[in-house]
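Consider the two complexes below, in which subunit A is the common component and subunit B and subunit C are the respective partners.
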Partner chain A sequence: MAASKQKKSGFQNPVIRWIDDRLPIFTMMDKEYGAYPTPKNFNYFWNFGAIAMVMLVLMIVTGVFLAMSYTPHTSMAFDSVERIMRDVNYGWMLRYLHMNGAHFFFIAVYIHIFRGLYYGSYKRPRELLWILGVLIFLLMMATAFMGYSLPWSQMSGWGVTVITNLFSAIPFFGDAIVTWLWGGPSVGNPTLNRFFALHYLLPFVIVGVVFLHVWALHVSGSGNPSGVEPKTKKDTVPFHPYYTIKDTFGLTVFMFVYMAVVFFAPLALSHADHFQPFDPLVTPEQIVPEWYFLPFYAILRAFTMDIVFPFTGWITDGGIVFTAKLQGVIAMFGAIIVLFFLPWLDKSPVRSARYRPAYRWCNYLLVVAMVLLGYAGAQPAEGTMLWIARGATAYYFAHFLVLIPLLSRYEKTLPLPKSINEAVLKDKEEAQ
Partner chain B sequence: MIKKILRKSSLPALAFVLCMTVFASAAYAAGAKVPPPQQHWPHKGVMGTYDLAALQRGYQVYREACASCHSIRLLSYRNLQDIGFTEDEVRAIASDYFVMDGPNDEGDMFERVAVPSDRFVSPFENDAQARYANNGALPLDLSLIVKARYGGEDYIYALLTGYAEPPEDVEIPDGMYWNRYYSGHQIAMAPPLMDGQIAYSSGRSASVEEAARDVTQFLAWASEPHLQQRKQIGVKVLFFLLVFAVLAYAAKRRIWADVH
Partner chain C sequence: MASKKDDETQTRRDFLNLTVGAMGAVGIGAAMVPLVDSMNPAADTLALATIEVDISEIEVGQTRVVQWQGKPVFIKHRTPEEIEQAQADDNAPNLTDPEPDSARVQKPEWLIVVGVCTHLGCIPQGSKTGQPRGDFEGWFCPCHGSHYDTSGRMRAGPAPKNLPVPPYEFLSDTVVRIG
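Take a look at the complex of A and B:
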């Protein structure tokens, strides 16, 4: 028999051994989460991958229980969510966990992405790992957008209206695409129904992509703050117990902040208009997306001038117009698409911003630009705010498309440590 | 060690904290008008709880001064037991209202006296009827009003006490009233409260401010009936996480001792 020829696993427990000989799932777990050699110099930025994974599971568990009491119909959705809040046992807790869970999931993932940018985690051999990560980010945004529509509040309905209308900017087919997305002549019951179906589906797609993401990680091995790959055994520690305990501690601190918000300020990050039923006849004073979309929303609205191509008047009346809306839509999606190409835009052989002084400052500027964009995204797009948004948008694209390629050629990098072990010893010396 | 942490991660970490605060405050600034003055509410704060006596008085104010125009369709009469009314009192309150029920065995709809499990009976059949009775303005449902307005309790209180003569240069059309805190200052709701209009069971009659305070607290409870349970569980959860974090940190130091 094939099984008897293979090397028997070393597990003591006969049940585990019986299973493992037939399906080596315990061997795999031991290899990937027990022995997995991990650089010993992680800082706390390396907690956020594990934290994001826990948040994903938490969102799915709370979501499935919410779905048991939720009704995806335009005339009942709002009330069914309120029934969850009032009459379902601990329903308020489920909803506040899910609602704020989305916020904290995004907080974790934004920090995780920043970590990747700062320490050059997207570079060879981790390009595909990075691309899968950006894909997860996109899927998360789609999931959160559709989830936010489910309570069918003023902000839900108008958010859906504004965002789906963006597709009308697509030349020729725009209006047809929008009607197709809505499933009818306006935002209505078919829209809510499909959004619920997709909101239920996409998190499981995310689980699939996360699996590939982690698989790719375990092929190339983890990066680390020094950006130097492990060379000897001195550079690494086994994942368990070293990083299981460190992740446990980091996760607990994160959970403390998350739970403090859930139980003591559950509405701190939400909008008043999210607590009124959707009325297609009454536009809210301002339609503001959730904070995690604001930077991209600001990029969208930074474009306000139609461009008319000269000498095209003979084709259509008024000439062919590159509308401001289409420019904004392209820029908004472009802002995420550009991340896919980052591994090839940055050719610098040095990974970590620690040894790239100029790149480090560009990174801080990128954070400043994102904060400014986020602030501008919540304000009416006019006056100084509009100019701030335009400036920050310009920086965002210049950062990826101009500065990074230039820096990777001309930047004077600092000398790299010979090994992770050496980097750690040097840090220790300096700290004393 | 502190130095090390600071050097390694403080700038980006600070940037993120900044990010979050800016976004949150930006979102709030977006909805602001004349900011309502901040009041002290007993149910606010980490350990604040509802003042049940105030909620009961607030229910009386709602019933006598607001219920002729505004519904609270998400509350049931039985919910009033949560703010200290007895079962019999609740049954008596419900029995003042009639609801449509049916069809009965003969297929007819019939009217019956409301019972505690019924939802609060709305003053109007539908929005159109409500508008018709209010010069075209809609007296909206108050079930979630405290959550559905920026400023929450402070805004509702300010609105109810914010009526005044319009400034010299402002023309107010017929059927509209000037209110300092309403967006645009012109509201179609007549001042709903008057000094001495409501006689509390203590025998005292309420001033506008007292009645406004009480009804605002009642509406806050209607918006968030599980606030107390939420905070009680929250304290336990945070206490557990705190202890667990300390233990996890101690374990982490132990395990890493041979590496550092």
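Take a look at the complex of A and C:
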């Protein structure tokens, strides 16, 4: 403490210096976002953390202004959203930015997660950093789900019904939990009201966890495509201006695509049933979640066979049954829970898939499995589609629970470069 | 300096810390109760519990859908064939949740069930003419493909239970009170 007090902050501006001597916020910003030594070999995959952070801010800003014109009551919610679209100044723009913002936020985060998987970003000493990231992902899913309920459309109401009903699979307390979630005997006004409150609250919780995520990142330092930690000054560059400018460039490209969708195809990712008011007596022909939930939805529906535990007939009539519903629910949540344990499932000392040929292929297969699951999740769960979903589900779990532990033991990895600098020079040589 | 006396004070300090910690935990737990319970159904929500329905205009073979507690209730005026089929299937091997038809109706011609699929809460189709009724001529849930028979019993698909029978009472031959 004494040392930092004596050290004169080098700021020229007297106002900044006055503030910094009392609350060293400028020193902190300079340390974490100016001088912060960053591996010099980032590729564009390293843009997506910053992009996701910008999307989070954008969602909060548009969301706060939308909330000023929105009414969280079952009899008025749908109309208030239509009013935002037609009558509120720039309401249409706020809403299209917000609803498509959710899509692009998830695009950024999925790429960010893939980056982490491919380059082994979750490995020691970044386990907690990774866990906080998975937590952010979970919070995002909850927030997105509740946000989707707010227009109180057919898709909103029935999406809420189906997803809250998942909890009824919990043995003994299931129905009580579902009633508690609803605040009544069915999905209704109390449900909408609390979902609005939580949809407004959770983004700020996400901001808090993002803060911890970034804090943890700045303790361990950023990873990099070679997976080798920086050793000398030759391996790093200061964050500013090198990565502020690279992030800005990547963000600009990302924003181009996002804005193109917002202004030229704002409903490209929407479902027609999302534009009809909720009718609790009529279920739409097919309930399809938003694309970013589809892989997990497909996992949920991949389980269709009850399992009766043998020799339990004496306990209850027909024996104790492990219902297909409960299996699906456990698998769906398990698909995310397993990510929390990834740092301990993968014991390979080599981080980057660049130097892990077999793991690299498994990673591509995982992407294929996710795409297949996503496709199957949008189709009726029957026939070939159901088998595709089952196969992809099997791969998903085998990837994390079987392949990764086996690979970390038996895979023959390629020789690692001695340093980031060496890896960069070698890449350059090969390019010439 | 480390003496017996030090150890004793440590123990007393530990005991106090533990007690204070435990009291704090109990206090926080107690404070959670009203917060969590406030999310349970409110008194006025619970009060909207019964409806009376005039069933005189429901023809044989027709199903009327009424709303009770925000949920649809199917009132099905069953044909003699449907009643026969339902009773004949009492011991069918594909009953997921075995129950005789007689336990599910007060009068065989009137089947009254909550029209919410026991899988994930969708409304099964088959109440209106032209809608798919599934392989067992009752209802078919479009969400995940559960089939219900003419007694509202689960026969095929992912749902774990039969369509539940709500509490109801025939006030007269033409009026039924649900709830």
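Here are a few things to note about the model shown:
In this text, the second predicted complex is superposed on the first by the 427 of 432 C-alpha atoms of A that agree within 3 Å, B and C clash if a C-alpha of one lies under 4 Å from a C-alpha of the other, contacts with A are read in each partner's own complex, and residues count from 1 in each chain.
Here is the rule we go by: a residue touches a chain if its C-beta (ideal position, glycine included) is under 8 Å from a C-beta of that chain, and two chains touch if they have at least 3 such contacts.
Here the structure is a predicted model, which is why all the values come from computation and not from measurement.
With both complexes placed on chain A, subunit A has more residues touched by B than by the other of subunit B and subunit C.
In the superposition on chain A, A:246 contacts subunit B only, with no contact to subunit C. Of the two partner chains, subunit B and subunit C are each touched by A:285. Look at A:15: by the touch rule set out above, it reaches neither subunit B nor subunit C. In the superposition on chain A, contact of A:271 is made with subunit B only, not with subunit C.
In the superposed model, A:367 lies in contact with subunit B only, and not with subunit C. Contacts of A:23 after superposition on the shared chain: neither subunit B nor subunit C is touched. Once the two complexes are overlaid on the shared chain, A:325 sits against subunit C while remaining clear of subunit B. The contact surfaces that subunit B and subunit C form on subunit A in the two complexes overlap at residues 285-286.
Contacts from subunit A toward subunit B in the complex involve residues 40, 43-45, 79, 82, 85-86, 92-93, 96, 107, 110-111, 114, 118, 225, 237, 241-242, 245-246, 248-249, 252-253, 255-256, 259-260, 262-264, 266-269, 271-273, 275-276, 285-286, 288, 291, 294, 363-364, 367-368, 370-371, 374-375, 377-379, 427-428, 430-431.
Per the touch definition, subunit B reaches subunit A in the complex via residues 1, 3-4, 8-9, 11-12, 15-16, 18-20, 22-24, 26-27, 29-31, 46, 74, 79, 140, 143-144, 147-150, 183, 223, 225-226, 230-231, 233-235, 237-238, 241-242, 244-245, 248-249, 251-252, 255-256, 259-260.
Only residues 36, 39-42, 45, 65, 67, 69-72, 96, 98, 116, 119-123, 125, 141-145, 157-160 of subunit C touch subunit A when the two sit together in their complex. Within the complex formed with subunit C, the residues of subunit A that make contact are 158, 161-166, 168, 179-188, 190, 194, 280-287, 301, 303-304, 306, 317-318, 321, 323-325, 328, 380-382.
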